[in-house]
Structure formats: structure tokens, C-alpha cells
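Chain naming follows the written order as A, B, C and D, and within any one chain the residues start at number 1.
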Amino acid sequence: MNWFYYASPATFYGLAGRLAPYFFLLAAVLTGWGLYLGMLVAPTDAQQGEVYRVIYIHVPAAWMSMFLYFIMACYGALTLIFNTRLSGMMARAIAPTGAMFTFIALWTGAFWGKPTWGAYWVWDARLTSELVLLFLYFGFIALANAFEDPRRGDRAAALLAVIGVVNLPIIYFSVKWWNTLHQGASVSFKGTSMHVTMFTAMLVMSAAAWMYAIAVTLVRVRSIILERERRAQWVREAVKA
Amino acid sequence: MSFPEAQPPALLEAVSLSCRRGPVRLFHGLTLTAAGGEAVCLRGPNGSGKTTLLRCLAGLTRLDAGEVRWSGRPITDEDCAFRESLAFVGHLPAVKDDLTAEENLDFALKLRGVHVTDGQRRAALEQVGLGRRLTLPARRLSAGQRRRVGLARLALDPARLWLLDEPLTALDDEGQQLFRDLLAAHLSSGGVCVAATHHPLAPAGGHAREVWLA
Amino acid sequence: MNGNATAASGSFAGAIAWSVSRDLRLALRHPDETLLTVAFFALVASLFPLAIGPEPQLLARIGPGIIWVAALLAAFLALPSLFAGDYADGTLEQMVLSPHPSFGWALGKALGHWLVTGLPLVILSPLIGLQFGLPPDALLVQALSLALGTPLLSLLGGACAALSLGARGGGTLLAVLALPLFVPVLIFGSGATEAQATGIPPEAHLSLLAAGLLLALVAVPFAIVAALKIAVD
Amino acid sequence: MNLWWKSAADFWAMGGAGYFVWMSYGALLLAVVIELIGLALRRRRALAAIEEERELEAEN
């Protein structure tokens, strides 16, 4: 398969259109199954009672938020090295979903923290670096849209994503160091021994989050392509069909 | 000035360049060569891509396709060797308001890696008619006088390739004549010049090939 | 083109010398800008006692953090103008096209920014520390942590300033880009002073800051040049 | 797979932590709904812009 065939926005527009529904379907099925397992079948947790069930969306959201930022940085590197147009659009398409997952991770972390630790916001290493990650996402989105020429925005935001992804581990470990320095080792989520159904439910929910992120990104990148190529001839045919 | 039969080796070669600015494709498959002692004049209506082509030749703007070669070697991204022989004059005269004309010239040449004595600098400024304004902060200079600081830099710059964007703007008749003298000296010593301009570039009797951009 | 001028030759030292000497001369033409940064630093630091109250033990405890945040914000304020002037008057094109290695003048610009903003903060910090009643040894560690931290801020902030050149949103956009990257510097910087003030040896914090600085000195100028080339494209 | 909960009421109560669990899941649901609506709006705006572009071209 000619790899660069699908790299051109025109052809990718069609491919994304065909793939997106399947990913949405997969996401729905996996979510249904995951929730069934996690919420209806999995037993109560010995220490935390029922509130631990927030884990089925908190952990996948946290994973997705970090992984999507990493993928954005990869697309950014592609944009900087090969100057391809589509990779810049893909990075822009991922950013809002990544920011959403980061916000959900923070929100669910807070609502989980209240009954467990007694406070909505605890300066725990993970939550704090998640908060900084949210600012990195806002920075990416703001920078990408801050220029007249969208290509210029793509390249500047791509470089920011690469700089951000290099700094992310440094931020995480500096916050972890800072956290243990001031409060001693905070309770870690991994303390609770994972019942097998709990673990499978969480994996299934992670896969569901994956499918959802891909589906949403494909749909959003189609809109971005339409916005960028609105004068092109192929757009007229594609839209008419 | 008779032109020798055998074509002198092309110093600057641009092979099938193409570049887009947003949705608009400015030029495609454009090829251009210039040998030592030759001046090429880019003509065309506003927005036809003259400036973008110049910036592509200098390596400022990234090309979508095509390649620019200087004395046979393709220009790479961090190409200090090529830039040692390049003098680029853009729309903006690159003059700092807070510095005097002499300081601006001094820093401009240092940035080009060119070392000249104070005497040479002052002589160049005199040559371009700024002799009495050496200690005046550039803020007080007119647009034409700022351009002349650029001319003084060109006079002292040993670069073999001149890429000039509208070099004659804001220059009065005397200034334009100064520029044409500098250009004639540059070409006669084997230099190459590519300029985007609406004014006639050809020095009296000389020849300047013209490239029209749609 | 008279032949007597020597041929153009790019050099690393030439690049740094050019950017530092030019930026210092420009700063000397506008000494008020440097004083503004220092005044802002002192002003922000003295707002907190007014807000929290003069109670010495409390001020001594929160002093290190506040001074570091004030220094960080002061260093941040001078960032937008780092490349904006060159971008506006066309000097940036000449820099990108200079035969000097771009790593050199990018490092020189960050160094110039540090000399004009970071260094005065380091020199003034003991004075402000006295305001918060910090012991002399803590003042020394604080000045050392600022001396290691502020160049890091100039480098990281320089990259973000280059990224947001010509962007809408100006200063606030730069803040959203740069401040998350400043988090580790703030943590280790203020952590060092606080450790010293509470009797813990600060060597760990200072060595991490120094390591961060070395890493940034080697890597960040490349990011600055890449960002500037995007801006000039 | 027998269900863990005795009755639907137990399920909603979530052993006393219902408020926190359903506020979390509700937030996720709301975020997803907002994102999907946003996507649809964005696509509609893009199509309208294309239409506008075509009319503009048709005129001159």
C-alpha cells in the first residue's frame, strides 16, 4: 500500500468517514460491557467500599490524557520533520479530546478523593501533574489557533507539543519529589488488591476510551480538512455526495 | 560588454521550485539559474510570490518541492557555508531605533561575520551620504536614510550572492544611483544578484534578465 | 563591493558576543526596563505581608515560596520583548541567515535576557529575604537557587516567547505556554531555600537545579532556533 | 454472571457513596455529550462555509 496515499487530506477524508462509525460502535459496545462488568458484577472493595467504582473511568481517563498528549507530540514531530499537512491537522484534532479526558481525570479524582481522603482537592503527585497537563493542553490549543495562517499554527503548536512531552516526565517527578517531601508517601491507588473482574472491567473501559478517542479524532479531523480546503474542487464533490 | 560564448558556470541554481501560501499555490516547477556577474530581476504584480521566491532562495521559507543549489551544492537547513556568501535585504531595513547609524552598521556586519575597521565603516557611511548623522539615534533617521544604512552594509559586505526585496523603495534619485553603482561594482567582481523590484534594475548599459511570475 | 573587507566567517563565539553585547547596549539605552523588572519583583514580594499580616514566624515560613514566585513572575514579564523587537524590525531574518551558528546567538539572546532580568533579581533577593526575616544562611541558599533557576527561566521562557511570536493573545498566551514549564524550576528553587530555613541540607535541590540548567543550556537553544525559523518562515 | 446488587435501589445507593459515583459518571456523560454536539456543530459550520465559498465563486 502506498503509505503516502492516505497522507493526503483528500483521500484521508474519505477513509476517516468510512472508519469513524465502526470506532463509535466499538466504543459503545466496549463501554456497555465494561460498565456491566465494573458496576454490576464486580464486588465491593474491601477498604474503600463502593466509591472505588469511579476507578473504571478515572484510571482510563488519566491514561488517555497522557497517551493522547504523547500521540499529539508524535504528530507534531511528523509535522516539523516532513512538513506534512495532515499530521498538523491530526494533532489539532486530538487536543480537545485529550483536554476533556484530563478534565475528567481531575473531576473524578476529586470526587473519589472526598470520601477517601476527606477533601476534594489533594495535592497528590498524580493529580497535580494531571493539572499541569491540563495547562499544557490549553497552551497547545491556544497556540494552534493564535495565528492567521493555520499552517503556522500547526508548526508552532507541534514544537510546543514536543517541548511539552519532554518536560512532562520532569514535571511529574518534580511534583512527586515535592509531594513526598511535604506530606510523606500519600496513599497510592495500587494499594487495593484488584479483584479479577475489577481489573478486566478497567481494561475494557480503557479500550472503550481508546475507540472513542479515535472515533472523535477522525470526525474532528474531517471537519478541520473541510475548513482548510474549503476552496478546493474535491471538497465540492465530496460535500455534494 | 560582450558576453563570452561559453556560458559561465551557474552559481545559483533553483530547480523546479514550488511553494504554497495557505490555499494559494504561488509558483510551481519554477527553475531559475544565475551565473557570476549576472543580475536577475523578479517582476510580477503584487502578491504574485516575488518575496516568497526570494525567501525560498535564501532558505527562510520552506519549499514544498524543488531544490536550491549554490555553486553546485544543495542548500541544507543549517548551512553556514552558504550563508557566508549571502547578503539578504528584506522589506524591513533591520535597523534598531535606539542605536546610532554607526552602531547599527557595526552590529549588522558583525552578525554577518564581517570584520571591518572603524575607518572603513565611517567611509561607507560617508559614501552613502550619512556622514554627518553618525551619532544620531536611528529613530531620527528617515525611511530613506535607514535604507542607506542598508546600502552601506552592502558596500562593505563581501557576499557573492545578493537577494534583495524591493531594494529601491524609499530611496530618492541620489540613493537609487548609489545603489546602481554598488550593484555594478558587485556584478563586475563576479557577484550574483536576484532582486524583486518594480523599478528598472539594469544599470546603464548593463543587462538584467527578467523572470515574470504570474 | 570593495575587496579589502575580510571574507564573512561565522563562529560560535562571534554569535554569542554579537547577541549579548547588542542586547546589553540596547538595555543600557533603556535602563528603566531593568529597573522595572526589579521594582516589580520587590513590589510583588511586599504585597504578601500586606495581605497576610506582619506575623514574623508565618512570614519566615512562607517567605521562600513567595520570593521565588515573585522572581519567576518578574523574569517572565521581560520575556515578550525578547524577540518581538527583532521580529518587528527585520533583524530576526538577518539572525536566521547569519553565518554564525544559530545555537550561538539563541543562547546569547537567552544569556542577554538573564543578565538584564535574572541577575538583578539574584542580587536583590537577599534584601527582600530580610523583609521576610529569613536567616542569613537561608538568604545565601536562596540567592544561589535563584542564580541557578533564573537562567533556566530565561531559556525555557525564551523558547515560549519565540513560539508565540506574531501570535494573537500576546502576554497571556505566553503565560499559558511558559508557566507550566516553570513548575519544576519553582519546586526545586523554593524548595532549596525552604529546606535550608528548616534545617534540611539543600544540596539535593540545588544539584537538581544545576542539572536542569545544564540540560537546558544544551537542549533549549535548538528549540528556540526551531521556533524562530517557524516564525520567520 | 450473577449481579452483585440485590436490588436496583442498592445499585443507585452505591453503599452510601452514590453521590460521588454518580457525579463522576454524570460528568463523563455530560462531557461526551458536549463533545459530540460540538463535533456536529463544527461540521455544520464547515459545510456552510463551503456553501458560501461556492456562492461567492458563482457570483464573480
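Keep in mind that, in the parts below, a contact is a pair of C-beta atoms (placed from the backbone, for glycine too) under 8 Å apart; a residue touches a chain by one contact, two chains touch by 3 or more.
The shown structure was predicted, so the numbers you read here are calculated from the model rather than taken from an experiment.
Between B-C and A-B, more contacting C-beta pairs join the chains of B-C. Of all chains shown, C has the CA centroid lying nearest to the centroid of every protein CA atom. Centre to centre, using the average C-alpha position, chain B and chain C are separated by 36 Å. Rounded to a whole number, the gap between the C-alpha centres of chain A and chain B is 48 angstrom. Per-chain CA centroids place chain A at a distance of 16 Å from chain D.
Here the CA centre of chain C is 43 Å from the CA centre of chain D. Counting only residues that touch two or more partner chains, chain B has 62.
In chain C, the residues that touch at least two other chains are 233.
Residues of chain A in contact with at least two other chains: 231.
Looking at the complex, you find that chain C touches chain B at residues 1-11, 14, 17-18, 22, 25-26, 29-30, 85, 88-91, 93-102, 105, 232-233. Interface residues of chain B facing chain A in the complex, by the touch rule stated above, are 21-23, 62, 64.
Residues 159-160, 163-164, 166-169, 173, 176-177, 179-181, 183-184, 187-188, 191, 208, 212, 219, 223, 226-227, 230-231, 233 of chain C touch chain A in their complex. Across the complex, chain D is touched by residues 39-44, 49-51, 53-54, 57-58, 61, 96-97, 100, 103-104, 107-108, 111-112, 114-115, 212, 216, 219-220, 222-223, 226-227, 230-231, 235-236, 239 of chain A. By the touch criterion stated above, chain B contacts chain C in their complex at residues 58-62, 78, 80-81, 83-86, 88, 90-99, 103, 107-108, 110-116, 120, 154-159, 182, 185-186, 189, 191.
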